[in-house]
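Shared chain: subunit A. Partners: subunit B in the first complex, subunit C in the second.
So, the complex of A and B:
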């Protein structure tokens, strides 16, 4: 339906009910007096051509929203739409350093790059690795966030304040800062993690380098990703849980529902939209993860640490095979589309009138 | 409530509190450890077993971090890029958000789809063509080029978030102003804008933080050392200093500081904005 949003009461608690600044106009209407729409400034309309004026005004009215969105549309088209098309074109061409600097048109390559990439075993290893990484990170993030959000409803107010404070502090940490901290925590010589694990009897982790083995290295990287992702997920889920009517849960409890049963059949259905939303968003973010790996491997990730984002970047900017990098990026975007469809559909459905 | 269930619920409350505090401690530990490492002398950093309480405090790591040749230039670049991105994206974004919140027009649905869909495109995937585009326009190694790129990646979110805030402002207020003789623009300026202020603050902080944190694009687009942002400085700092974790943690603290302060100011608004604007539609 193509209707504008109906006026709703303010959704944000901070929004004051009336205009806060002095001198702002307020509704002054005597009860019963007919509400007479006046023209702006109540100028008298020229009697000679009211029809033309009105047509002009209604044309202006019709054009207004388009004028308003024009700058956004133009900016998106120029700096996002054009590069997207360019990316697609590039993946069908053969752009190397030479064409980049001489400015000559790169030769046409057709589907060659796609054929090479898709028949390359290494590419599929990277795809599998990226998928596994995404599933593990999203799974861990959602599970942890859900538990934390549920926990936040049960704790004393001061504990909840502490939890929110910590979550926000973690949320505010720039990715590069978080990655630096985790690199230090997992340092081979003086890292706290090695020391902690060394306390477990029978384990010797002194001088253990976590990045020698990619599985362990990815465990650290997943640690940073999950640590950084939990706050957003937990706070959003907690907000969603706040919308579960207390009567609903009480009624179910009277009917004998307990614990997991209560959660599965009463609580979860209410918060499901938020869960779907956060899950799809996290999946999209984790699938395209780049910075954490880049920093933790000191700007030179080994082949064992390639995920799709890193792979495409290295092909383009380290090996200067821009077209191959572009083709990998196109494939990545196509793979992400699945997650994107889920996300957009959920938002539209929640928006109702959209 | 009978006594046994009361005892059980008190017991449950206690367990929940303990778990909540444990979780907070584990989550907060990396930040605590960063601060502690940044402020303690090197002997204490390289102490085995690690010492978990502050001993001597020193500012030597901060001095070393600030004394790196490009630090202030990088701060300047980060600030300029951040402010540029925020100002332009608010100017443009508010208009579009207003159109989305208040008008029904043909193509509105398509516009919403684009706004939402664009957020899904991974930044890293578009680096190559964006780089080529900006190099054609002569905007590589220029702060303006970076601002333009960030702008586009922030805009969808800005529009969507602000739309949520505008929808929350009753349209009757505007209508009343227009009945009383305001023009549409006047009504917007005098009624909507003051009420939108919290939304604008929240959105701008969010965009600022995003711009402050971004790494890859800045890394690719900005080649001269004195134009690079703090994120890049932090990474190069790390490699050039090897395992000088004191200096690195001091640098990390300095990089995180402005973001943390801003976040603390608006966290509630960003959270409700996300919940109402983006999440609830």
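So, the complex of A and C:
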């Protein structure tokens, strides 16, 4: 297993910045046994093989990775690439139902749709709203997940197992079901949330509608999103925390590091790659959130509740401006790609660190 | 002058061409006798037929099989909420159903975009007396593209037992009488129970609110110089909306941002005195499958809902039509199936299933004392949504619902909300 040596912060693979732990036996042991990349055909072939055969073999070896990855690439191209290309083309056309029903080719519209969208103030409101929603949801998800993950290290094994069970159950719950339950919980007339809040002396929440005010409404929606996102993040972080060598922390404690200090300077640098990964993944998911809003607003979201995904869907399939909807989706994809760069860079760095 | 003549010539030319093409079409079909035709005929009906008149469907299929023994009729049932998305997807491809059911507020956009084949009304029973609300939704440029199927109109529904308890023996016959009854209900039951609504009227219930607009002589949208414009901010429309808001304000205590989607379930909780709904909702409120309470059976009755104008409140004439997609390869067979499914005997069966028929002649056959009698009376004042190409988009982007919600919750004044809604309607209503 590669994990025999403690994973270090990937930025500084040579100098472990473990603060003041020269005596750590673990650290001393690690410099040994660097893995040497095997050159193709170096050991088993021997010098007897004729040059031509050797060349063929090495060509085969070189081709092997590509052959192995080909099915994945092809499948991705079919299920992701083709629709993306189609979406891109659609956004430069002017597709109406007439073309849809008759099967004739839609006329080209060039950059018209993009110009309309980008000069529309409402679009930028939606973009800003989506970004804010993403930041809040990701922040809350990561914070909660980290707290849960840290807690799981401290508790007795059976409590930990129970926590994992609960997390997986939450994870396994279909969004459809979760959104319906949250919708009922926050129902104005019959919701249990209003009833509970009403029990607090001095509060009157009877008939309070959480969705009249979009800030409150989004708070409920963010609640569902975060609730659904915490399990994945918590379990991943917990796994990452398992990689932090106990000796490292013990040594830091011997040196007088406590609480937040210990977490910030010792634990966090080790799990940082996992944190960045989960954060970027959550950001990508939350940026494109659709189901939760759609379901919580009963399939009829008000204009105040449009995020990019909902906006694109409404333009495409309610107003039947297929091309405008496609252009919004393309812009969303481009924005997401910006976020994905962080994610991809992290993957490359992780690969480089190994 | 010259331009006029050439346009006339072009018109005649087109007609001749169309006529000759139509001639070709029927000429091709003739050689194969009906008994020899084979293949599939796919019919998309909504679940109403499956739930309320499944026998009619199987009988018509049996009759159809006698005429075309080798044709296999495949009836597939669709949900209203997902039906149009499926239809759009099917129409974009080559495998299209041969008959599709369309709500009368949905058809215009499809007609404008050439989705359906024209039909000859003369082939269908009572086509001279088809309900305007359904017929108009099927016509464009003087041709007919779908066949009226059935209609429904909303009525007042009240709890007979509760009204009796406040000393009222009969349903209200005028608007002041209605308000007086509601006042009595509110005083008797509403003071004790904070969750009792004398009248159930959720804020997003746009079919109800628009009935008040129509009653006041207002419109949702009007066509001027070939273009449609939202008309909710006209003085009459605002008066109607205000009357609706006053009614809601005085007698409804529930969530104002809801629509009427779960009306039977809420009414079934027993804390509603009267409501405005479809006749079947009275039954659903006593059916535990739809969230109702069987203990309330026999305690609901319907009445023709009086409007503030002094006349009956004009109801939205919701209804269904049957259309033949232009891409269907069995258009003649589809037409024949529709002819059997909408003839007078079939319509009689629909009346028996508490539905309104597709024509005024048979509207008279609806028993005045029956549960649907008030609906049949109100249907004569019925209205339809504007027959504008982009009306479907207005409905689906929730413009009316959001306006009403803002009015009901007091977020905006009636006039401001209506103005904002008109603005949004103008942006989409002329789009194909």
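The rule we apply is simple: the second predicted complex is superposed on the first by the 273 of 354 C-alpha atoms of A that agree within 3 Å, B and C clash if a C-alpha of one lies under 4 Å from a C-alpha of the other, contacts with A are read in each partner's own complex, and residues count from 1 in each chain.
FYI, a residue touches a chain if its C-beta (ideal position, glycine included) is under 8 Å from a C-beta of that chain, and two chains touch if they have at least 3 such contacts.
Since this is a predicted model, take the numbers as computed values, not measurements.
In the superposition on chain A, A:160 makes contact with subunit B only, not with subunit C. When the two complexes are overlaid on their common chain A, residue A:274 makes contact with subunit B while staying clear of subunit C. In the superposed model, A:187 makes contact with both subunit B and subunit C. Contact with both subunit B and subunit C is seen for A:100 once the two complexes are overlaid on the shared chain.
In the overlay built on the shared chain, the residue A:258 is in contact with neither subunit B nor subunit C. By the touch criterion stated above, A:169 is placed in contact with subunit B alone, subunit C being left untouched. When the two structures are aligned on the shared chain, A:211 is found in touch with subunit C, with no touch to subunit B.
Set against each other, subunit B and subunit C differ in how many residues of subunit A they touch, and the higher count belongs to B. In the three-chain superposition model, subunit A touches both subunit B and subunit C at residues 100, 187, 189, 298-299, 317.
Residue ranges of subunit B in contact with subunit A, taken from their complex: 12-13, 16-17, 19-21, 23-24, 27-28, 30-31, 33-34, 37, 45-50, 91-93, 95-96, 98-106, 108-109, 111-114, 116-118, 120-130, 132-133, 135, 148-149, 151-153, 155-156, 159, 164-165, 167-173, 176-184, 187, 190-191, 194-195, 198-199, 209, 212-213, 215-216, 220, 231, 234-235, 238-239, 243, 245, 248-249, 251-252, 255-256, 259-260, 262-264, 267-269, 271-276, 278-281. By the touch criterion stated above, subunit A contacts subunit B in their complex at residues 2-5, 7-16, 18-21, 23-29, 35, 37-38, 40-42, 62, 64-66, 68-69, 71-73, 75-76, 78-80, 82-84, 86-87, 90, 100, 148, 151-152, 154-156, 159-160, 162-163, 165-178, 180-185, 187, 189-190, 192, 195, 227, 230, 232, 235-236, 239-240, 274, 277, 284, 287-288, 290-291, 294-295, 298-299, 309, 312-313, 316-317, 322, 325-326, 329-330, 332-333, 336-337, 339-340, 343-344, 347-348, 350-352, 354. If you check the complex, the residues on subunit A that touch subunit C are 96-98, 100-103, 187-189, 206-207, 209, 211-212, 298-303, 314, 317-321. Those residues of subunit C that touch subunit A in the complex are listed here as 81, 85, 88, 91-92, 109-110, 112-115, 194-195, 204, 253-259, 261, 326-327, 390, 392-393, 396-398, 401-402, 405, 409, 411, 428, 431-432.
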